[in-house]
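To keep things simple, chains are lettered A, B, C and D as they appear, and every chain counts its residues starting from 1.
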């Protein structure tokens, strides 16, 4: 059993901004990480900030934060907070994260880094300036920390796939396939930046670049909004419930985004993000072909990585269903015996573990804000390509 | 968001005995349940008991218990403990649980209830006596609380399968397939009672009875110990590590146990528990056929339930892969959006939720000690049948 | 491309008895084998025999036989027939096959070899006598010739699984799950011998013995007839259609048969044959665990063999989904490129290929009648064990 | 049992051009169709044509053709041939098919219809002219006749998917992933037209258009040749064997082709054809999302269609694994009982059945040459788009 941080282990005082879905998962991760992993700093869940005093107080109690604060500005200004964890919609990321970095707080910012390239550039500049003072910033492409994804990265990095030739990546959901699903901030371009593309497409851009160790160098995109107007939900508050209002409002983001791309090595890829794939709930489906083998992954069976080794005898070659629950697999030894699967939130706990260790050792955590900016540039290029009638756009060397 | 128990919500002070694998999962459940579910009592993680003072103190710190106690007797004797959670090996269950019940503590006892029918009978008698005073006891057949299993039970209870005709149940692991895997308490009959049968076979007995709502009325068994001697591990401490010692000791439990059985309705079943199925890590594989449909489940893909509805048109009939992650599914609404899978430990959190609610309302939780005793009688009959050369044994009406 | 038998290649004149489902598949195999495989003898489809003159004449035309004959006796008596292919119900196998062997004809007899051990013994004696004169007999356990099954046998024979420890075998169908499915000869003990057990259970006995290279040495069984009476179909003719008659007749065979068994090496197994597993259409599900690995197969995905190699690194170990369509796989080179799957009838074509080659070289084909007799003894023991209240029965060393 | 064509049934005399892989499958289909299906015309396998006299004579004997002919011209000129079946490489299709049509022969032409749009236009013009005289032409997009694909089409046509919104289609193979796989005519643009695109991409264009009942109206493409030079095989003869020669020649076709497209209804799609996906042998993977449900198919499990019905209760909704082997399924009743899967070549037999019936009734068979031309235009647009740096190209209304 790993040692729990003793009372003499230095604290890392954390402040959270936002306490909806993402805030709840992050809270769970901060609570849970030190119970299963040895950490060099003791996370202390100091305060959570929100706009509504009663709601944020209730959230603090429920999620395990010592205090609640109205307004992120007060949180950022506190002396007793070392790290600000930003779980708000994308349009607020830049302002909060930059202020926190300037106040000398480490920052963990949910993805996508921002809603625009300009904001992401400003955030990256702020992060680089802060880094010079030992203040660190990380963007939350959390799916990297699913053990099967880490294993995929290791296999590629170890050369088990040879040269990467092809990537195919899909992120399929169906939660607004029903035209009567209500408007939410996620369907409003002014708040969300883009639709399926930025929300879930960002993940498959990050994941394929992470696993291959390459960058996308050009794309051609095609986006579509199948349902142009939707009922306005009371409170306009998001993922659940069907609006009873008869008012309808415009959907200003993409329902689905497709693109083709080329990677720095010359590998080519197909990408698709959609919220209209009936029956697919959270299907991050990745497949990578190299000169020596292939990998396949589907988040709906998240404890499994499929691996084909082309150097095996043809008689017994086949995709191996690796159940990524062995103690030898990334992060797994801290949890349960083989075959006792992990769930969605474990990746957030792993994210906390890696971030705390990096902060303790003064190492730049990954993905950095620069990595987040690069993803933002890909997203932006896909939207511009699509708007220009699906024309190829080269991406700047980052 | 559910309300967190307010400071005025009454407490339920919990004491844990044992802090190895099971103790760690139970601790996680006590910590986590109130963060995601509305509970009528506030669990307070009062103390953990163990034999070694330093180790138990470290466990208390790591797992989140306020205090550590040497020896379960001191824990049971405390006035400030309302519930004793027993996570020790099976040979100690009877003594601890009976003492706790007699001391007026509610008891959650890990499965199997005991190592012998006699012990289980004594525990059940104690539980029934305690129940008269409002003191409640439950046995931890936790897999019942996997959402897909609850859904299976609901579909059967709703008549979606019609009359149950056949059951096939396997619990396949491979962790001692290697003859050099060391001896542990789980391979010693005096500590573990039986091998694969009691450890994992008990689960499939409970699960198939739970889902079908029936009881086994007779069995015929066949057990085998493939590897008769194993290296003695230093410290003889269990699941991990390979003993470097040259000493070898006898395996006194079954490596695999097979049996056929008949249920109260006349349905028939095949059962198999083994630790020698290379490649199967924690494969609880269940299939149930009724007059109107079928269900299938595999814990290695634990967020899925397969369902075949025989009343569908033959043209489009087929096993449906139900991803049991919808808010309409049991327990799921408290967690994440659809498609964001749960893991092994969630079932333990659900167990805490159900138990706390039952205690608050004075309802007998299930599975009761009587249910645990009945499973113990089946296990005992399988062993006796096997020892008698695989002869059918009827089970008493319970 | 292999050479087609030239006009100078000696003929093998074949006569078929029975032209229902099995007769149609056998006819396809006789027509097709020489088109894809090099054969040392040219099969000539000389005549088909049946009871109804018009029907058998039509069958001859449809299935490609030169002539039709009324009554198997006339077929057996013909000088211009070298081999008799017996595709009638089990109760007629002994009489026809023995007569054919005595008349000096090679015999291919559908499984199960007979309906009783006594018949099977007489057939085996006749086959052994005939063999002394170079007349050869084979029983049609055709599933052995599915490429994935052959590959499984090869892997075991090559030692890839090490010592065999456990076998689990199921043959699941659902075609009489509906209580209104009509009576057919397959549900009449006097014609079919037994129900699911002899019809499909025989296959999994043969397959597991074939793959492991071992024999069952003892069994304990449990059989059940869920639906005791059924509508009498007009013409009482079998698998398709729902009887409109209001008459009902008794089902005199088992609907499901379960048994446990021990193999000659000490390995243990679970077996199940049923026609009541809604949603399973022809699911021959086999899984074999050895000391060095595991195999798994499901006929509903018949071009796939799953293989777990326990000697792989735990990091990348996993069941491999071998698509058994490579030219290096058994029989496959004669067919299509990789990934172009084969179907049910291909195994029958392979059976013809192997049989013709054995006849040409004077080699005893397998499975022999003695092999069929041994399976019959297992079937008989399962029925007797079940009738005796599920008592273990040892099988004679064969 | 269906009636076999009686001697009085009119003949349909068939001549085959080409006897390699495709010729062998077509021959099997002509031999087999009348044995399982009622046909209004009796196919007579009159002659096969090729360039090498000895080889074609051997092929005739092996594949079951009455005569062999040197040169397709002689075959086309014969009075005793009613239908010419063209199984040669794509560069010869136009010349042979047009000559045959002009000679008054029905034509079945393998896909892709031609190597260029100009050729395909000429062929379509010839077909339309011939049709006026009752002479019919069909292109062999055979995968349409896989039962699961037919079922997919039926479900869409019946409105079970609602409006089609998204299509994703992949055709993945790996047979030239190895850089040492030799050159063959399929890698030579002058013979094959294009590489993966025309060979296998053509199929997924046809299949998605067929299933949805829509046409592609615009595309943007990206193609790649990963291995630019390969060993020259002796005889340069195709799919099997590794060239021992040290000579290397250029690959002049695409190894992989990706494209995005829009359908006539506004639906959008991603497409990918590759021969470099290690571990995927013949993986035609289709997924279609409509407003009311989804379908998914993978040819590597060709007897299965996955179907998600969005109108089901969320509690039990899930992709159904429909085993397309029921007598109610397209073509299946002629074959085996449920669960006894079909293989690759069955689709060719179904193609013969449909074609013979259409010829007998004077109905235009589908897909017509015009359909083949339209696919050719899509292929051409993908190549031109890719060559122009991945720019969107609209397709003409066909």
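Worth pointing out:
Convention: a contact is a pair of C-beta atoms (placed from the backbone, for glycine too) under 8 Å apart; a residue touches a chain by one contact, two chains touch by 3 or more.
These numbers were taken from a predicted model, which means no experiment stands behind them.
Just one of A-D, A-B or C-D has an interface built like that of B-C, with over half of its contact pairs in common by residue number: A-D. Looking at which of A-D and B-D shares more C-beta pairs in contact, the answer is the pair A-D. A straight line joining the Cα centres of subunit C and subunit D is 35 Å long. In whole angstrom, the spacing between the mean C-alpha positions of subunit B and subunit D is 54.
With centres defined as mean CA coordinates, subunit D is found 42 Å away from subunit A. Multi-chain contact residues of subunit B (touching two or more other chains): 280, 317-319, 323.
Chain contact summary for the complex, subunit A toward subunit C: residues 151, 155, 160, 306-307, 309, 314-323, 326, 328-329.
Those residues of subunit B that touch subunit C in the complex are listed here as 165-166, 168, 170, 174, 177-179, 220, 222, 224, 226, 256, 258-260, 262, 266, 268-270, 272, 274, 276-280, 287, 289-294, 308, 310, 317-319, 389-392.
Against subunit A, the residues of subunit B that register as touching in their complex are 1-4, 6, 21, 24-25, 27-28, 31-32, 35, 58-59, 61-64, 173, 175, 239-240, 280-283, 299-303, 323, 325, 327, 336-346.
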